[in-house]
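The next part holds the structures, each set out as structure tokens.
Common to both upcoming complexes is chain A, partnered first by chain B, then by chain C.
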Partner chain A sequence: MIGLVSYIVFFLILSLIFGIAVLGLNLQWGFTGLFNAGVAGFTAIGAYTMAILTGPARDAVLGGFELPFVVGLIGAMMASGIGAVIVGLATLKLRHEYLAVATFGIAVTIQLVCLNWEYLTGGTLGLIGIPNPSKAWADGPLAQNALYLLVVLVVVGLTFAALERIVKSPWGRMLKAIREDDIAAASLGKSPERVRLEAFVLGCMIMGLSGALYVSFIGYVSPWDFLPIVTFQIWTMLIVGGSANNRGALLGALIVWGVWTMSGFVISRVVPSEIQAQGGAMQAVLIGLILVVTLLIRPRGLIGEELHVSRHARS
Partner chain B sequence: MILQHIADGILSGAIVALGAIGLSFTMKMLRFANFSHSELLTWGAYSALVFLAFFSSFGGFFDQTIGPFSFGADLLLAMLCACIATSIIALLLHRFVFERLSRMAGHMTMVFASFGVALTLRHLVVLIWGSDPIYYSRELQFAILLPGNVRVMPDQVFLLGLTVVVVIALHLFMSRSRTGIAMRGVAESPDLARASGVNVDRIITWVWAIGASGAAIGGVLYGMTVQLRPELGFSLILPLFAAAILGGTGSLYGAVLGGLIVGLSENLSVMVIPTTYKPAVPFLLILAILYFRPEGIFGERSR
Partner chain C sequence: MAADALLQLRGVTKRFGGFTAVDAISFDLPRGVIGGLIGPNGAGKTTLFNTVAGLTRLDEGEVLLDAAPIQNLPPHRIFAEGLSRTFQIPRPFPEMSVLENVMLVPLGQSGERFWNNWLRSATVAREERAARARADEIIDFCRLASVRNDQAGTLSGGQLKLLELARVLMADPKIILLDEPAAGVNPSLMLTLVDQIKALNRRGHTFLIIEHNMDVVMSICDPIFVMAQGRLLYEGDSAGARRDPAVLDAYLGDLP
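The block that comes next holds the complex of A and B.
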């Protein structure tokens, strides 16, 4: 029984951390219509910033600041935000599919930097020994994980509440206006370029936050955690849950991560150990099929965008 | 040294060009960025493996290597069958995924779907053939020494020759045959083409078949000169997009020239940046071209 509870806690922590990244992507694609195919890159920036800011001193690698957890989270968001400003200025003028190609390329480049800039990232070995604050507050893995889940829940709750407020604000309505028709929005005196950049940067900061929470929980960071497949997983979560709906984004994260871990569990039990490596491929095939089938039979996702009618239009 | 880099650049550029032709056509004519196109190279290469086993089982003439090359008639026949098999895969994907989505949703949905298709196709290869590298042949080859101390393998000479033949054949097809001319019409404007009595669906079938066959040939040539890996196509995504965008989507010569530029700049880049950053070069090319000339070298500026 304890085993199951610990497993559920562990599962919830990871799926909610993914959920935060999906919320960030939802702001970009769901509400603003920005096709960011480089999600893994921005979570990586956040993750490495967290590792550098809060991690212990290391030989020949930048670090040793041992800053508090919250400072690390803020730093991670800032770093991802700065990265997003640079990327956004260079690419946000592009049409949809070109933006997808360009951001995909950015994620590949960021992963290469993680892999090769040893002074900053520890290279292929990554960075280990990143403190998890819950270890100082409680004894025993279950209590520690439960505490960390609480931290993650608070962050998810704050992010969710902030995003709900934002998208219902005048600025949020402007995002949708630009998504639907940027020329019409521009004709009303809005600046689509500026608003797109703001939404892109904010979304990437949230992705960085997700990466930071991930490394503190896992305790190390390695370039292999940010392969393009992560981007595809996060996209699948958003599509399955329903884009332009923050509840859908979180629901999608829970369901897709659930399918991923459950299928991994089943494969590890059923598939003979000689071909376990192929088991991972089976999981990926499943995720790919879920994405395609969702698009075909329920393109809005499980809970898609709620339709709003302006209260001035109601009679 | 620089000559060797140029030779290697042209050779890898040829493979990129073969893959980019199809990507460029589908981007222009179906109006979506197909992230799964690169997996067609992988499937071309691996399906040839199956046909190779079939043809080489006849032994004798089929099994014998031709001249200085590492392969025999069996691999050439296998390549032909791989083109057909890969075209069938592409057409099935079009019929059951992309065409449906293009009718019921926007072209961005097709891009998401291509993510899912790519993930599925790539990992199916791992499931079927495993993740270890595979070779078509273990024949030893001797490098040919060209002037300037440039070494190339006989197979690489074949690669270049076949690419030139394919491009010339496609050029003749596009400029002489009714289907080819109709295809260019569809690229310009599907509505106008339809109004002029062109059967657009039939032309789109041709686009997929040509794109998939090019990808299959590229994949087999990659397998022949390097090795077969499940990430074969995936590692070429950015080079393929770079070539298609550089050349201007929908242009045959653009895709070929784009492929060569990508291959050359990747291989020449190692003289100025660490080799480990080589995979980022196509991305930098994409950024540069989109910034300065978004319609590509051969593309037309829309007004």
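The block that comes next holds the complex of A and C.
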């Protein structure tokens, strides 16, 4: 029983951390129509920033600041935000698939930098010993994880509330107008360039926050955590849950991460041992299948978009 | 006349490669009129609109609004200067309600700065109530009340023309450029549209209208500008246009 509870707590922590990144992508794609295919890169920036700011001193690697957890979270968001401003100014004139190709390339570049810039990232070995604040406040793995789940729930709640406030507003109305027809929006006095950049930067800051929570929980960061499959998983979560709906984004994270972990369990039990090595690929195929089926039978996801944008325009 | 010209075009030229779509067009549109811009298909009328409204950059010339140059400003800045336009093929935000298509428009809304929705939510709510009240009035004026809460993508072609009009009215612009407002609109809705344009003109709005429906043009537009092959053929009143041999030859033919 305790094993099951431990597992559920562990599962909820990871799926909600993914959920935060999905909320960031939802702001960009769901509400603004920005095809960011580089989600993993911006979570990586947040993760490494957290590791550097809060981690212990290491030989020949930047660090040893041992700053508090909250400072690490804020720093991670700032670093991802600065990265997003640079990337956004360079790429946001691109549309749709062109933006996707550019951001995908940038995320791969970020992953390669993580792999090779040893002074900053520890190279292939990554950075270890990143403190988890719950370990100072609770005894035993279950209590510590339960406490960390509480922290994650608070962060998810605050992020969700902050996003709901700005997307159901005149700003959110501009996002949607620019998503649907940027020429018409510009002809009605809105600046697509400014609004796109704002949504892109805010979304990437939230992805950075997700990466920071992840490394504090795992206690370790490596370049292999930010391969393109992560971007793919986060996109699937958004499409399954329901684009342009923050509740859908969180629901999609829970469902897709649930399928991912359960399929890993099933594959480990059912699939013959000689092809177990391909288990990860089978999981990826399964996720791809869910994505295709969702797009075919429920293209707006489980929870679709609401008609009214601004909460002030509801009857 | 020039002293009270609201919109002045000075040698406006737009080329696409070797093709000159708009060729050194110059005219003054006085404040308070309903101007008509007519001419055969491909004459360059919509290109001229796009150039004036900032959607395409002009290659030569000047556009003055209230004596201030606006050429080559981005479209959202030109809109802020008081020039708004509708599109020949309506461009609604299809997944937004009619109400929010209209509420989107006012300039300088506090809530368009995302942080104000966290920090000054009472101000945002007050402005939204005011915007909603005004949007409701304009929607009623444009006879769209029955579809106020419908998705704009579900409207008929004629209703979309009215929605385009409603959106530009929300900004209370100095001048409204209408691109074929009567095209695809059924006769009774067209009468509504013409009535609304005349009513707005009486309230002081200046219009420049591209239109192929000569009944509409001849009944409400003065002055009339005729374009053909990118050039300005004629500028004057409607009676003069009907008699001008070049206009008859290029466009009107044997209009009764």
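Keep in mind that, in the parts below, the second predicted complex is superposed on the first by the 306 of 315 C-alpha atoms of A that agree within 3 Å, B and C clash if a C-alpha of one lies under 4 Å from a C-alpha of the other, contacts with A are read in each partner's own complex, and residues count from 1 in each chain.
Heads up, the rule we're going with is that a contact is a pair of C-beta atoms (placed from the backbone, for glycine too) under 8 Å apart; a residue touches a chain by one contact, two chains touch by 3 or more.
Here the structure is a predicted model, which is why all the values come from computation and not from measurement.
Chemist: Is A:109 touching the first partner chain B, the second partner chain C, both, or neither of them?
Modeler: First partner only.
Chemist: Based on the superposed arrangement, let me know which partner A:308 touches: chain B (first), chain C (second), both, or neither?
Modeler: second
Chemist: Quick check on the superposed pair: does A:285 touch chain B, chain C, both, or neither? Answer first, second, both or neither.
Modeler: After superposition on chain A, A:285 lies in contact with chain B alone.
Chemist: For chain A, which residues lie in the overlap of the chain B contacts and the chain C contacts?
Modeler: none
Chemist: Considering the complex alone, what residue numbers of chain C touch chain A?
Modeler: 53-55, 74-76, 79-80, 84-85, 87, 91-97, 99-100, 103-105, 107, 109-114, 117-118, 121, 124-125, 127-129, 131-132, 149, 151, 167-168, 171
Chemist: Show which residues of chain A lie in contact with chain C when the two form their complex.
Modeler: Against chain C, chain A makes touches at 162, 165-166, 169-171, 173-174, 176-177, 180-181, 183-192, 198, 202, 305, 307-310, 312-313, 315.
Chemist: Quick one: which bits of chain B touch chain A in the complex? Just the residue numbers, please.
Modeler: Residues of chain B touching chain A: 27, 32-33, 35, 97, 100-101, 104-105, 107-109, 111-113, 115-124, 126-127, 130-131, 237-238, 241, 245, 274, 276-277, 279-280, 282-283, 286-287, 290-291, 294.
Chemist: In the complex of these two chains, what residues of chain A are touching chain B?
Modeler: Going through chain A, the ones touching chain B are 35, 37, 90-91, 94, 96-98, 100-102, 104-106, 108-109, 112, 115-116, 229, 232, 235-236, 239, 277-278, 281-282, 284-285, 287-292, 295-296, 299.
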